[in-house]
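Okay, so subunit A shows up in both of these, paired with subunit B first and subunit C after.
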Partner chain A sequence: MTVFRFVFLRSFRNTTNLIFLTLFPLVCIFMPQGDPWPVLPYGYQLFGVFLLFVSIRLASYIQVDRMSGVVKRLSIAPLSHASYLSQHLLAYLLIIMLQCVILVYGGVLYGQPLIQPFLLLILYISYSLAALAIALAWITLFRNKELAFFGFMSFVFLVSVLGGIIVPVSMFPEWLARIAVLFPTYWLAEGQLWIVYGNELGDFLFVNVVLWLYALVFMIIGSTRKLR
Partner chain B sequence: MQGVVKRYGNAVALDYVDLAIYEGEIVGLLGPNGAGKTTLIQTMTGMVPIERGTIKLFGQSNNPFTHANKEKLGLVTQEITVYDELTAKENLQFFAGVYGLKGSERKERVQEALAFVGLAEYADKVPTKFSGGMKRRLNIACALTHRPKLLIMDEPTVGIDPQSRNHILESVKKLQEQGTTILYTTHYMEEVQEIASRVVIMDQGQMIKGGTVDQLIQSIQHEERIHIDVADTSLLPVEQLQSIAGVMHVDVAGTRVTVISTAGSGNVDRILSLVKEYTGVLGIQTENPDLEDVFLTLTGKQLRDGGGEA
Partner chain C sequence: MKAAMEPQLYVHTWRFLMVGVLCHLWVFGQDLTNVWILILLLLALACLRWRFALPLWTVVIDVCLCLVYAPYTTIGYYGLALPVFELAVRGRVLIAVLPFAILFLYEATPGLLFLFLLQALFVGLFAWAALGNQHSYKLEVDKQRKARYELERVKLELLEASESASQQAELMERYRIARQLHDHLGHDLTGASLALQAYVHMQEPEEARELLEEVQKRLERSTVNLRETVHNLTPVARIGVESLENVAQQFQYAAIRFHRSGDMLLVSAYQWTLLEACLKEALTNVARHSNATQVRVELQVTASIVRLLIHDNGTMTQPSLAGSGLRSLQMRARAMGGSFSISRDDGYLLVCVLPLSKEGAG
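And then the complex of A and B:
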C-alpha cells in the first residue's frame, strides 16, 4: 500500500490543496437555507459542484505522474497498473468521504435541518464515486493538466446548470428536463429531494444505483486507457 | 534481445535489433536523437510490446517481465521522475516501497542510496530546492534502493554541470564494481569512452556495430581525418571533395572542413590542392581516429545531429 500512503502525503503536502480540501466543507456547513429552493441549505447543494472540482484536483495527481514520466518508471516496477490506479482511487475516495462526513455531521452539530443525515452521507459517497470516475476518465483525454482542469471547469458549469444543482429542473422546459437525467448532478438533486420528501426506500436506492452505474462506466473508461 | 522489430505506424523504430548484455559490464549505447535508443529501452523493459523477435531477461525468454524479474530491473529515466511535493528521503522511501522494501531494511537502503549520490545532507529537502545536477542525482538514487541487477540509464547526464556529470560517472563506475550490470545510453561520446566496457552504436533503429572502444577505433584505423580551416566555407567544392577516390565523408562546420579519407591514399595533397583552388587555407591538421570518427564513418553523421527521439 505504498502508493496509497504516499497519495495521502502528496495530497496534504500542498498548501492550496490543504485549504481546498478542508476549508470548503467547513464553509458549506454554515451556508443558509433557501426558500423555497433548494430543499437543503445552499452549502449542501453547492457541495455537489465542489465534489466535482475536488475529484479533478485529486485525479490530476495521476495525470502529473503521467506527464512527469513517473508512470513510466513505475511501469517497469513490480506494481501493476490496476494496483497503482486502485490505490490512488481508494486514497482519493477516503479523502472525499472524510469531507462528506465533516459536512454532514458538522451540519448536524450546527443544527442544519438535514432530515436524514446518514442517508445524505450515503448519497454524497455514491455521488463522490461517480465524480471520481468521471474525473479519472476525463484526465485520460488530455496530456496537459491545465487544459484538462479548465476543460473540466466548463463541464462542471454545464452539468451543474443542466443537472438541477444551480437551477431547479422543474423550471426547465420539458425537453431540457429530459436531457437533465443524463447528468450525475441531476441524480444528486433527486436524492436530496428524496431525503427531504421521499418515503419509498426503493426510490432512494434507485438514485444510488444510477450513480454507481456512472461510477462503473467511467471507471472502466478511465482505467482501460493506460496512463503512459 | 534478438531480431526485435518495433514500428510506430509506418516508422520503423527498431529494425531487427540484436543486443546482448552480459553480467557485470557497462554497455554504452550510442546513437543520435531518433536512433531508437529510447524505444530499445521501452521494449527491453516491457513498457511497449514488440512486433517481432524475442527478449530474454535474466535467462527467461518466455514471459520475461515477471514481478520477480522486474524486481531486478532499475530504470533511470531521461526525464526527472521524482515527486516535487516529497522530500528526497520520501521520494526514495516511495520507490523503495514500490519494490517491496519495508521497515528497517528500507530505511537503510534509503540512507545508503542518498549517501551514494551525495545527497545525504539534503534528505529532508524537496527537489524544487535542488540544482539540476542534484535533481539528476536524486533521479538516479530512486532507481538504486532495491539494488537492481540490471540498471538502465537513459541519458542520465542531460543538461547538467560538469561537476555533477563527473559525480554521476564516478557513481556508475562504483555501481559496476559492486556487481551491477549497466546499460548506459547517451549521445556524449566522452562519457562512453570513460565508463563503458563495451560500446554499441545505433542509428535509424538498427545496431550498426559493437565492441570495446579500442576495437571500434581499430576497425577504422585504415582511415585518416583531415581538418582544414578555410577563409570561406561557402566557396568549398564539397561535391568534388566527396568524389575524390578514397574520401568517405566531408563535413563542414563553422570555418572548418573535416574530410575522412582512406589512410595512405595520398589524398591529403589532392584535397588541399582542390580546396586552395576555391578558397584560402588558414590551417591544416590530421589526427588519429576516435570514437566520434567511428560514429561518423559508420553512420555518416555527427552524433549530436538533430532529430526527434523515436
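And then the complex of A and C:
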C-alpha cells in the first residue's frame, strides 16, 4: 500500500488543495433550504457538482503521472498497472468519502432536514465512485492537464443542467427529460428525491446500482494507459 | 492511418455503435427507466470486451440479460444483436443463428428486428473473415521474416567460410612454395655450396677441375629449377588490382579513368573479390541505366583501409531503392566490417570502404 499512502499524502501536500478539499463541504453545510425545490438544502444539491470537480482535480494527478512518464517507468517496476490504479482510486475515494461524511454528519449536527442521513451518505458514496470513474475516463481522452480540466468544466456544466441538479427535470420537455436519464447527475437527483419522498428500498437500491454501473463502465474506459 | 486499417478497431466501434442504437431506441421509445439498466449492463460488457479478451461463454450473459428484459421491451430483442455479433466474430455461425429462433418464437412479426439481427450476423462474419485474414497475413509475414533472417545468417556464415578458405589457401600455397624450393632448388644449392667448400681444400688440380664442373652443373640446374618454379607459381588468371584494371579496360560504354594509390599487397584475396564485384555492379549499372560518358574509378589503400570510389557523370534519375545486387554488396561490405554507400546528388557515386587487417594480405 505504498502507492496508496503516497497518493493520500500527495493530495493534501498542497495548501490550496487542502483548503479546496475540506472547506467546501463545510460551506455546503450552511447553505439554506430551497422552497419547493430542491428537496434538500442547496448545499447538498451543489455538492454533486462539487464532487465532479474534486474528482477531476484528484484524477489529474494520474494524468500528470502519465504525461511525465512515471507510468512508463512504473511498467518496469514490480508493480502492476492495476495495482497502481486501484491504490490511486482507493485513496481518492477515501478522501471523497471523508468529505461526504463531513457534509452529511455536519448537516445532522447543524440541524439540516436530511430525513435519512445514512442513506444519503451511501448515495453520495455511490455517486462519488461514478464521478471518480468519469474523471478517470475523461483524463484518458486528453494529453494536456489544463485542457482536460477546462473541457471537464464545460462537461460538468452540461451534466449539471441536463441532469437535474441545477434545474429540476420536471421543467424539461419530455424528450429532454428522457435524455437527462443518461447522465449520472440525474440519478443523484433521483436518489435525493427518494430520500425525501421514497418508500420502497428497492428503488433506492436501483439508483445505486445504476451509479455503480456508470462507475464500472467509465472505470474500464479510464483504466487504459492511453487511448489508442 | 495504420491504426485505422486495423479490423479490431471496427469490431470495437461496431459494438459501441450498437449500444448507441439501443440508447437511441430507449430515448425515443416509451420504455421504462428500468430498461436503462439493461443498456448499461450491455455497455459494461462491450467495454470489458474492448479492454480484455473475454471468453466466448460470456455471450451467455448478454443473451440472458436480453431475454430477461425481452418480455417488457423490444430493446431486449434488439440487444440480441450484440451476442449474435460476438458469436459471428468468433466464427460460431450455427450458434449465432439461435437468437433468430428466439426471435421467431416470441415475436410474431419480427420484420425490422430480423433485419437488424441479420446485419449483425453479416457484419460479424465479415469481421471474422477480416480478422482471420489479418492473422494469416501476420503468420506469413513472421514466416518470411524468419526465413530472411535465416538467409542472412547463412550468407554471413558463407562469407566467414570464404574468408577462412582464403587464408587456408594462402597457407597451403606458402607450404607448396617452400616444399618446391626445398626439394628442387635447396638440394642443388646445398650440394654446390659443399663442393665449393671442398674445392678450397683440394690438392689435385684434376680433381679440383671436376669438382668445379660439378658445382657449375648444379648451379645451372638450380637456375633452371628456379625459373621453372617461378614459372609454375605465376598465376594464369589475373588477381587483385590487375583484375580490377582488366574489368575497367574491358568496359566499352563510357570512358574510364582508373587511379590507384597505396600498397596493393595489403588487401586480402577475399576483399579483392568484393571490390571486383562492386566495380562490376557499378559499371553494369552505368551500362544499363545511366547516360554517363565518363567514369572515374579510384582505388586507395592506406595502412588501415582500402577505399574504392566509382563516380560517373550520368544525369538520369535512378530508382531511390537499391536493387538486390547493391543490397547484397552492402551486406557483404558490412559483414567485412566496412561500409558501402551510394549517392545520386552529382552523377552516380558509389563508395566501398573496407578495413584492412593488421597482418594485411601476407
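Simple rule for what comes next: the second predicted complex is superposed on the first by the 223 of 228 C-alpha atoms of A that agree within 3 Å, B and C clash if a C-alpha of one lies under 4 Å from a C-alpha of the other, contacts with A are read in each partner's own complex, and residues count from 1 in each chain.
By definition in this document, a residue touches a chain if its C-beta (ideal position, glycine included) is under 8 Å from a C-beta of that chain, and two chains touch if they have at least 3 such contacts.
Bear in mind the structure is a predicted one, so any value in this text is a computation, not a measurement.
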| item | value |
| --- | --- |
| Partner chain(s) touched by A:77 [first = subunit B, second = subunit C, both, neither] | first |
| Partner chain in contact with A:14 - subunit B first, subunit C second, else both or neither | first |
| Which superposed partner A:188 touches (first subunit B, second subunit C, both, neither) | neither |
| First (subunit B), second (subunit C), both or neither touched by A:165 | neither |
| Subunit B versus subunit C as contact partner of A:120, first or second or both or neither | neither |
| Which of subunit B and subunit C A:211 touches, first, second, both or neither | neither |
| Partner chain in contact with A:3 - subunit B first, subunit C second, else both or neither | first |
| Contacts on subunit A seen with subunit B and repeated with subunit C across the two complexes | 228 |
| Of all residues in subunit A, those that touch subunit C in their complex | 175, 178-179, 181-182, 206, 209-210, 213-214, 216-217, 220-221, 223-224, 228 |
| Sites on subunit B touched by subunit A in the complex | 45-47, 67-68, 70-71, 73, 75, 77-83, 85-86, 90, 94-95, 97-100, 142-143 |
| Residues of subunit A defined as touching subunit B within the complex | 2-3, 5-6, 9-10, 13-14, 68-70, 72-79, 228 |
| Touching residues (chain side subunit C, partner subunit A) in the complex | 3, 23, 26-28, 33-34, 36-37, 40-41, 43-44, 47-48, 50-51 |
